[in-house]
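One chain, chain A, appears in both complexes that follow, with chain B as partner in the first and chain C in the second.
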Partner chain A sequence: MMSIWIYARNLVVGLWVVFKRTFTKPVTVQYPEERPYLPPRWRGRIVLTRDPDGEERCVACYLCSAACPVDCIALQAADNPEAHERRYPEFFRINFSRCIYCGMCEEACPTNAIQLIPDFEQSEYARRNLVYEKEDLLISGTGKYHDYNFYRVAGVRTCDKDKGQGANEFPPVDVRSLMP
Partner chain B sequence: MIDWSHTAVTIAVILGSCLTLAGMLIWLERRLLGVWQERYGPNRLGPGGCLQSLADMIKIFTKEDWVPPFADKAVFVITPAIVVITSLMSFAVVPVAPDFVVADLNVGVLFFLAMSSLAAYSVIIGGWASNNKFAFLGSLRAIAQLLSYEVFMGLSLMGAVLLAGSFNLSDIVEAQRHQWFVIPQFFGFLCFFMAGLAEAHRTPFDMPEAEAELVAGYHSEYSGMKFGMFFVGEYLSILLLSAMTVILFFGGWHGPWLPPAVWFALKMFGFIVLIILIRATWPRFRFDQLLTFGWKVVMPLALINLLLTGGIVLWKAGSPELLTMVP
Partner chain C sequence: MAIIIVDNQSYPVDEKQNLLAACLGHGLNVPYFCWHPAMGSVGACRQCAVKQFKDDKDQSGRLVMSCMTPATNGTRISIDDPEAKAFRASVIEWLMVNHPHDCPVCDEGGECHLQDMTVMTGHVYRRSRFPKRTHRNQALGPFIRHEMNRCIQCYRCVRFYRDYAGGRDLNVFGAHDALYFGREQDGTLENEFSGNLVEVCPTGVFTDKTFFKHYTRKWDLQSAQSICPHCSLGCNTTVSERSGTLRRITNRFNSQVNGYFLCDRGRFGYEYVTSDHRIKRPRVRSGSDRTKPGTPEGVPKTLEFAADRLRQARGIVGIGSPRASLEANAALQALVGPQQFYQGIDESERRLLSTILNVLRTGSVPSASLHDAEQADAVLVLGPDLLNEAPRLALALLQSIRQQPMERVDELKIPQWDEAAVRNAVQNRRGPLFMAGHRQTWLHEYATDRYFAAPDDVARLGLAVAGIIGPDAPTISDIGSDVRDLAQRIAEALTHAQRPLIIAGTGSGSQATIEAAANVAWALHRQGKQTRLSFVLPEANSAGLALLGGGSLNDAFDAISEKKADTVIVLENDLYRRADRAKVDAFFDKAHTVMVLDSLEHRTTAYADVLFPAATGPESNGTFVNQEGRAQRFYQVFAQSGDIKESWRWLSDLARAISQDGESGSGVATWRNFDDAVSATAMVAPELARIREVAPSASFRLVGQKFPRQSERCSGRTSLLSHLTMHEPPPPVDQDSPMGFTMEGYRGPVPAPLIPQFWAPGWNSIQAVNTYQDEVGGPLRDEMPGVRLIEPVATNAPAWFTSIPRVFQPASRQWLLLPLSAVFGSDELSNRSPAIAERIAKPFLSLHPSDGARLNLENHSTIDLVLQGTTYSLAVHFEPSTPVGTGGLSLVPEVSGVRVPAWIDLFEAIKTERKRRAA
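Right after this comes the complex of A and B.
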């Protein structure tokens, strides 16, 4: 008999607990008008960045393509005869209908060229429009790393410096002079 | 002499407001469920989203009017109309304000009970005609539910009828001028409200639909406007349940200061909100639990309530000074 009263009380208490929610504010973010805050490291749309000199950072090493768990990155390396045979991607294609935004490509990239940015609004009416070519991916800025310039620290000869003249670099040593 | 123009206006007003309110109720329910789940409901179309039902209606009208090839076509098509027609017919006897009722029948309570029982047929034959196992299970549950609530629904009303001494709903409201029947008839009210929830297929007695278990129960196979009719019928029966509760136990149009129709609408709104709150809170019964509960708990409770009420009415009638109070 007591249990009936406990059940009845619990039913009414349940009603009251739900009714109290009338006076709380909804947690919904009303998306098109209100935008959620996306942290700078949020993994969204993938871009290809440029170094501070305005040159492409990508050296077409294929590491992003190899690291990609869903194989959505395709590129073709080529040498640029006008810039000391510098490697660059002839085409660079990301299929965003496959991409899982895991950020493995960004981790693999030795030159900080490929970066994920806080943008998720990539809806398209046709699936083929989700295949981004190099001109869609390449941005004019440096992305998250403003001062990083791969060729300044890479220790290779470029158009305006020789080996050993880069940042944090010593002049090359003639190994034959290192006698005991 | 019946004033035909008055009757025509009453019919137009009640029919129009019932159908509009049933549409608005869909929006209200979604909004309130949203509020109680800490989100917004539909809030885009119109002020506060109140035109959502209109958009839903336009969408549902443009849908293909499809009858499954394995269904019993004639019955399948007729069924959604039955639930709406019977629910609307019940509103004929609902007195909204003094002298504002379509048919002031002297057996209004019985008419209401008959119509609500007929509405149950739409659920049963709708599920049967669909020829689908989920719809069939929904129908089976509806029958089990019907067997449990129909008996004590009638009995729970009889206390109010005894106190008022009339089957006429206007007389019952008039008898509550000084005291609402919910006070002497509290258990009658509880039993009736429970039966009404079962009759309207609302949580916690929504086993015939049971979205979580039976797809959509008896209307699994229905789509387009035929589904819309079932939906409107369900909300009409919510309106009817709250209207009847107000009339039988909460003094109908009686209340200070405000006009009678406003009091009626306010009380009805309170019950509609309560019904939605119950949906937002309580889980669903099993149908064997409802059967057990209906026959072993509520039925004896309604009988004892009826017995005591009858005894008290007779006892009061026995004393000459109270004889005038009981017709």
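Right after this comes the complex of A and C.
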């Protein structure tokens, strides 16, 4: 006898919960017509950025590829004879079919070159289309970090910065001077 | 043995060591910069501070530099003491005040001693906000890059370059905190050992310029043990590769051979492997017109074609090579039969090698390892130009001259590691080093006495020395008083020494100098000295080839011209380097089929009717026997691309192709993997039996696992090939060695030949080698330093060489042309490396000034010299050290085919000098 009442009550309560939703706003988003808000720090597609002067930020230090837990980054360092001592990647390849968007590469990057952006739409019919070369990764802007320019703070000479012209540097030592 | 107490733990240590070495030997991490196991301590960097306590009641203690404190019994120290830690942290913070923010673009990054030590001391954040000091860099030639900003003033570079390697053109300039380590002005570093600066420098001031051009971090490199193929010393190297390209060579510690250092030819000569002239596909020429190039062909068709020709052959001549591995030569010998196997070297060289082999086999004096040479306390060099023929041995001799003054150091109770004090005590004293030969180099500045003469006179000096030392040794009566005095001085120095070393070689082509060296060594041995003999041989596997036996190249020529055979198989050998052009041309013309196995195109490969692409050293497994008679194994570093295969594998395939019809294969046809090759080679000669023990066999496993060639942090596994295929192909399988081309496998202590690179947690730089040794500077744990195949026999009556050459007499019109070997230029393989090619000097003829005047030549003029049918354009150098009546011809690639020594009428041979001068 008692159990009938319990069943009936549960039935009513359950129906009430359902009916209550009839008058609330639905949470379903009409993707792709409607876009969800993703915070700027959301970890999606990986890009290579440029420094404020418009040059490639990547100096091919291999730290991202070493940090990558799925080993999906491969690159080869090369030297640009025109831009003295300025290293750049000869090729830079990310296999997004392996990428887990963990952001370790971004954390490892000493020049803010590699950045994860809030774009996640990387569906392809063929896996090979998920292999991104440098041309596919490189964007024209600075990404999330606007002002950093590695070569301004590094000690090496480049085509547009002689020794001693970097940030917080003394002019080159005159070895032949005996002055204290 | 002493007991030291470190942080309340007792450790047994060698009391001859300092505390730093003692701690490192027990795996206790004490940071350091200026100390180096081969160069001792100077206490300059203050980084290795530890706290020393008087006794167990002493609570306060005092800071000491562990590298400057002897490890005496009962020493009580603390590494973890907070004050010592703070001191070390502040030292590194000072060093980092001016260190640039370069790590991402610095080639040292990831294998930087400074990075390791910074992490070890715990210095994480830069507090200094002041500007950094900067320096201008210098262009230091094709080998080394210079970035002075990174310098931490540890003085290791100048200590190595000047004090250890005898260099003069690198120094420290400036004062106070603006010290500059470089040359007086831009220019190539002259010393033959400059490449070691890359490893000696704890940070990125000196980096490898050839590596820079195809840079990869250390953790991404796939590496294995290799043996340097560029001279006969057999230095151990670590060869590294990534994605199919050879990237660099680093030194590989071997306590018996090269220790911590390599020469520049060995370090920078590797790029022949990636040369544009590599042979990558088999080529076949089916017609008989040799002017037409062969056409590339598939492997099965090539083998079929070659097997067909070999089946029809009326006789096969197999020509081996002193630069091919023992296994490849043995494969050829097995294929063609021992009677038809020829060593591929000319008759005179073969005779010299067999004399040397006889001296070592039947004599009482053992050959010297490089380690023995460093320990020698008196040295006599009869003939060879060590700096150019065997540079690492010259470096060993620079250490040997410190041995005798060390006795005084021991008397003064100065520990040998205390470098500054040792130098102070030694001053300019040098142990006896006598050098006789026909060419002067900077090494002669370190010699007690030098003697420049023709090879016969050098041999006479040796025989005179032997006669003075051993009364029953044959001696010379007709000898000038100055030479007699010199011989007397040499004999005295050698008899006063404990561990004398006599060095001779094949370089000057003189049998007499080798015999004289043997006589001197045997005479010393009879005096009860711990004598050693060292012979400098022409190439990496000359000794191995001599052990295999076989006729000379001239015998091979005869076999073809006498129509005993009509088919030739040439193994990794450019015959044009070894015999007259006309002779080789005639040889090839008479041969119906010429088959060549080689890795690089040269004049001989152009003649090949069948050309097989052979693997180079880093692409193959093999054994070399060095000049000491030490067999050492080199391992394949990376899988060969395309059709390239090891020579022995080609020959084995060829043998199978021949025997396909009917009978089952025998001999070389049964070789399936490298272990088969080694086992079969070991059967060829009784002395080779022990080559199986050189390194672990292919079936060697630990915990059932193979050993990885790649590091634990090798990157890019899923993307390196993804532009070609998405399917991530499995790594190549290695059937020939216990190692794999992967990151997977056993990690832990392994026999030394299986160590891919020296690395330990916290020790990313090459200084990690300390962690592989039980005692710093001593042998590696489980070291397999190669096997000495030839040991002396105990005999009391030496079989003295009695033939005494006559005094060298300059002829009126004829000059004895002698070879002048060049460290950069005389080695066939390293010449093909761009960096080495940049250092090759123009060919020259050196003459005594009086001879030059007689020939009416001017110094530094250019002449055209006709030698053995070819005209060479040469510069003339007047050298007072060139013996009168002889000329020196530099053996650089342009004159590589010339047979020297030879008597030449220079009046006749010099063609156009006068014309040119007139113009």
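Everything below uses one rule, namely that the second predicted complex is superposed on the first by the 162 of 180 C-alpha atoms of A that agree within 3 Å, B and C clash if a C-alpha of one lies under 4 Å from a C-alpha of the other, contacts with A are read in each partner's own complex, and residues count from 1 in each chain.
Assume contacts are C-beta pairs under 8 Å (C-beta built on N, C-alpha and C of every residue); 3 or more make two chains touch, one makes a residue touch a chain.
Keep in mind it's a predicted model, so treat the numbers as computed, not measured.
Partners chain B and chain C, brought together by superposition on chain A, fit side by side with no clash. In the overlay built on the shared chain, the residue A:26 is in contact with chain B alone; chain C does not reach it.
Touching more residues of chain A than its counterpart among chain B and chain C is C.
Touch criterion not met for A:138: it reaches neither chain B nor chain C.
Shared-chain residue A:127: touches chain C; no touch with chain B.
Rounded to the nearest 10, the angle at the Cα centre of chain A between the centres of chain B and chain C is 130 degrees.
By the document's definition of touching, of the two partners only chain C reaches A:175; chain B does not.
When the two structures are aligned on the shared chain, A:105 is found in touch with neither chain B nor chain C. Contact with neither chain B nor chain C is seen for A:117 once the two complexes are overlaid on the shared chain. Of the two partner chains placed by the overlay, only chain C lies in contact with A:95; chain B stays clear of it. Once chain A of one complex is fitted onto chain A of the other, the partner contacts of A:164 are limited to chain C, with no touch recorded for chain B. For the pair chain B and chain C, the least inter-chain C-alpha distance in the overlaid model is 32 Å. Chain contact summary for the complex, chain A toward chain C: residues 59-63, 65-66, 68, 70-77, 79, 85, 87, 93-95, 97-98, 110-111, 127-128, 131, 133, 150, 153-157, 163-164, 166, 168-173, 175-176, 178, 180. Of all residues in chain A, those touching chain B in their complex are 11, 14-15, 17-19, 21-22, 24-28, 30.
Those residues of chain B that touch chain A in the complex are listed here as 34-40, 277-278, 280-282. Contacts from chain C toward chain A in the complex involve residues 100-105, 109-110, 129-137, 147, 149-150, 173-176, 178, 180, 212-217, 219-220, 243, 713, 715-720, 722-723, 726.
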